[in-house]
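The structure appears below as structure tokens.
For reference, chains read A, B and C in written order, and residue numbers begin at 1 within each chain.
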Amino acid sequence: MTNTPLLKVDHAGIRFGGLKAVSDVNMELKEGELVGLIGPNGAGKTTFFNLLTGVYVPTEGSIQLDGKKLNGFAPYKITKMGISRTFQNIRLFSDLSVLDNVKIAYHSLAKHSILSSILRLPPHFSGEKEMEEKAIEFLKIFKLEGVMDEQAKNLPYGQQRRLEIARALAANPRLLLLDEPAAGMNPQETEELMNLIALIREKFKLTILLIEHDMNLVMGVCERIYVLDHGQLIADGTPEQIRNNPKVIEAYLGEEVS
Amino acid sequence: MAKTLKNAKGFWGTIVIVIVLSVVIQFLINGGTLNSFYVNTLFSIGINIILAVSLHLIIGITGQFSIGHAGFLAVGAYVSAIFTMKLAMPFPVAIVAAGLAAAVAGLIIGIPTLRLRGDYLAIATLGFGEIVRIAFLNIDYVGGASGMTVSHLITWPILVACVIITIVVIVNFTNSTHGRACLAIRENEIAADAMGINTTFYKVMAFAIGAFFAGVAGALHAHNFYIIQPVNFGFLKSFDILILVVLGGLGSMSGSVIAAILLTIISTFLSSYPEVRMVIYSLVLIVMMLFRPQGLMGTKEITAFFKAGRTAKGGMQDDKHTVA
Amino acid sequence: MEQFIQQLVNGISLGSIYALIALGYTMVYGIVKLINFAHGDVFMVGAFIGFYSITFLHLGFFPALLISMAACALFGVLIERIAYKPLRNATRIAALITAIGVSLFIEYGTIYIRGAQPEAYPNNVVPLKSIELFGVKISGQSILILAVSIFLMIVLQFVVHKTKIGKAMRAVSHDQDAAKLMGINVNNTISATFAIGSALAGAAGVIFGMYYTKIEPLMGIIPGLKAFVAAVLGGIGIIPGAMVGGLLLGVIEALVSALGGSLWRDAVAFIVLILILIFRPAGLFGKNVREKV
């Protein structure tokens, strides 16, 4: 493991008009870490994800992945550089099959050109075959291979969440951002999800940053936790430190801590 | 994998049947069994299939609501006419030139406007179609309002070749990772972007390919109807093409083809009552959207109906995913 | 110079017609996020109702204007209730296609009923004298158009800002669900929006007939599209934006004509549209909003 952090966020922030949605965030993630990002509703957690993935361009500070500056790159380029994500409100390709959902994420790794597909040249067939095999491999890990021909919108909610993670993984990230992956799940599903996250992290040598409302999940799996409130980091540390941090308790006061 | 192969077989089988059928029709034409009325209808059907399939790629697959398709048709028609009538080039060269010119027009209009979403894109493409029409109206070289006379160079084999090439190219494009990228844009552009798909590139690409074949259709159109005039390429023509795609089912290529065949036949019979035709068309559009917005075929392809057993889909509907 | 001012006056007259139509587009878009393609055809129907009121019922200009506005309001509500309301939760494309369908239906339905032949508006309805201003002759009709348009826009501002229905309209366009929770009858509010917008289009139709004298069943297409351009130019959903956009577009067109590009006049609006969409898609008065991720 090298000393340069995989993700280095340096005084990053964004303002919309006069409103500072996120400001002065510093964060360093080392390769292989599983880190949580928590905070009350409206603290700017999803906005921060949008900064990392290029949906918004930071108006201040910088974001680096493995030493390379990400500011100003389009989302699809940042995905290719190695950050992929899931969405808080599920954004599957709902009319397409489960298999196609995963294949699409594998698209940026495809080598065959438009021309070879149109003319059905050999690279098309080998490329498509590789995609299909890879996609099925991912679906197997997530126990979704049995429903791979279903339309994504017909899956039960828990499977949709799993499919979204499978899809994000198929984009071959080094850093995986999960935006409330357990939202709306029952305790048993959450438990399974936690095991799954641990498994994929191990298997794919991933670094994971996780937004979650479910404190048990965060405290249970994350090695370190950052706390965001009113767009600013108010604390970071081990789950134990966070649990006892008076600032954090204050930020959550009146908020339901489930 | 087996499924993909089976689909491919069905598709190529259909192509073979079409070719055999076309050869038979060629003999009927040569033998004089088909009179000129039927031959003209067949030509119109072929041209409309190309138009419908090319727009299907833009609207049905990529989800970009473009209603200026007649603009590309016009570019193709005029460019091909200039090639054959003014430059005395062979017809096939003119067809390719027409396609390329329309594709370039597609790039010119697509690159700036495809950043727009939904309604705005619709209006921008409509505006583009009008600009093209007005431009031809003002260029004396192509005859202004009175248009250009064009020789009747279209032949059945050329038409069939163009139709088959259009369909094969668009089907091959659609059934590849590139087509899936376009489908992803249709389904959820933000997610497509987040999954590493260069959405602008694929939108422009789909637009340019669609425009290319609309241009090809324009070349065939010009060399079928003896005369081309700007008035033939107004937005009513765009709507005529749009209804083919909508009626067939947004996202179904075979649906577009079937709609193109059906509606061409119907409008041939209604050609002496143009306003009745338009009243019926407009009612069909409205009623369709109210009662069967997915069109005749939905997003399914006709091959899906021949596959038994695979249709047993569980009715697992779950509305919980409204959680924000 | 005189020529220039003359063209400017023409442009303002034309622009105020665009503005009246654009208001309906912008209000409807603001409230149901739908480009009501049929709006230009309501304008056409308004012109015909005005024409028949004047020629067959021998009414004067103002009674004809009022009848046309009332009939168009009703017509607009009918269109909304029959064609658009069932699609309120459908996809944008479905709604847009329906709007195109309704537009074609009105156009060709009209041709089917009465034929495609144009009618000539009687030009002696309002005996207004031309006046001379800085050596430029301004026709009575231009003044009338401007006066009626300005009056209607003032009334509209009053309705939108001071009346209960206006407040409801603004609430629904801001947040439909919240408005519903506050006890606002969303369906009636949307209908009222269509009624007001269509009445304005009807008025524009009568004025258009007076000014240009020729009316025909497909006359609504181009002014309708241009009015939409005007609405986009001003910032769609923004009422003052539609007024300014309409006037601006009318003036731009008149100036292009004056500079010798009269054949290109119709293309100008669309070039303006594409430019504004590229460089300032929210329009002159609009704010940029991004889709929430």
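Note that contacts are C-beta pairs under 8 Å (C-beta built on N, C-alpha and C of every residue); 3 or more make two chains touch, one makes a residue touch a chain.
All figures in this text were calculated on a predicted structure; none of them were measured in a lab.
*Asks:* Based on mean C-alpha positions, I'd like to know which chain lies farthest from chain C.
*Replies:* The chain lying farthest from chain C is A.
*Asks:* Can you tell me which chain is nearest the middle of the complex, judged by mean CA position?
*Replies:* Taking the mean of C-alpha atoms per chain, the most central one is B.
*Asks:* Using mean C-alpha positions as chain centres, tell me how far chain A is from chain C in Å, no decimals.
*Replies:* Taking the mean C-alpha position of each chain, the two centres sit 48 Å apart.
*Asks:* Would you mind pulling out the distance in Å between where the CA atoms of chain B average out and where those of chain C do?
*Replies:* Taking the mean C-alpha position of each chain, the two centres sit 33 Å apart.
*Asks:* Measuring centre to centre with CA averages, how many angstrom lie between chain A and chain B?
*Replies:* Using C-alpha averages as centres, the distance is 39 Å.
*Asks:* Name the residues of chain A that each touch 2 or more other chains.
*Replies:* 55, 87
*Asks:* Of all the residues in chain B, which ones touch at least 2 other chains?
*Replies:* Within chain B, residues 190 contact more than one other chain.
*Asks:* Using the touch rule from the top of the page, what residues of chain C touch 2 or more other chains?
*Replies:* Answer for chain C, listing residues that touch two or more other chains: 293.
*Asks:* Applying the document's contact rule, which stretches of chain C touch chain B when the two form their complex?
*Replies:* Its residues touching chain B are 33, 35, 83, 86-87, 90-98, 100-105, 107-109, 111-112, 116, 221, 225, 228-229, 232, 263-264, 266-267, 269-271, 273-274, 277-278, 281, 291, 293.
*Asks:* Using the touch definition up top, name the residues of chain B that touch chain A in the complex.
*Replies:* 1, 3-4, 169, 172-173, 176-181, 183-184, 187-188, 190-199, 205, 251, 299, 310, 313-318, 320-321, 323-324
*Asks:* Residue numbers of chain B touching chain C in their complex, please.
*Replies:* Contacts found on chain B: 59, 63, 65, 67, 109, 112-113, 115-116, 118-120, 122-124, 126-128, 130-131, 134-135, 137-138, 190, 235, 239, 242, 246, 250, 275-276, 278-279, 281-286, 288-290, 293.
*Asks:* Flag every residue of chain A that touches chain B in the complex, lowest number first.
*Replies:* 53, 55, 74-76, 79-80, 84-85, 87-96, 100, 103-108, 110, 112, 114, 117-120, 124, 127-129, 131-132, 149-151, 154-157, 160, 167-168, 171, 183-184
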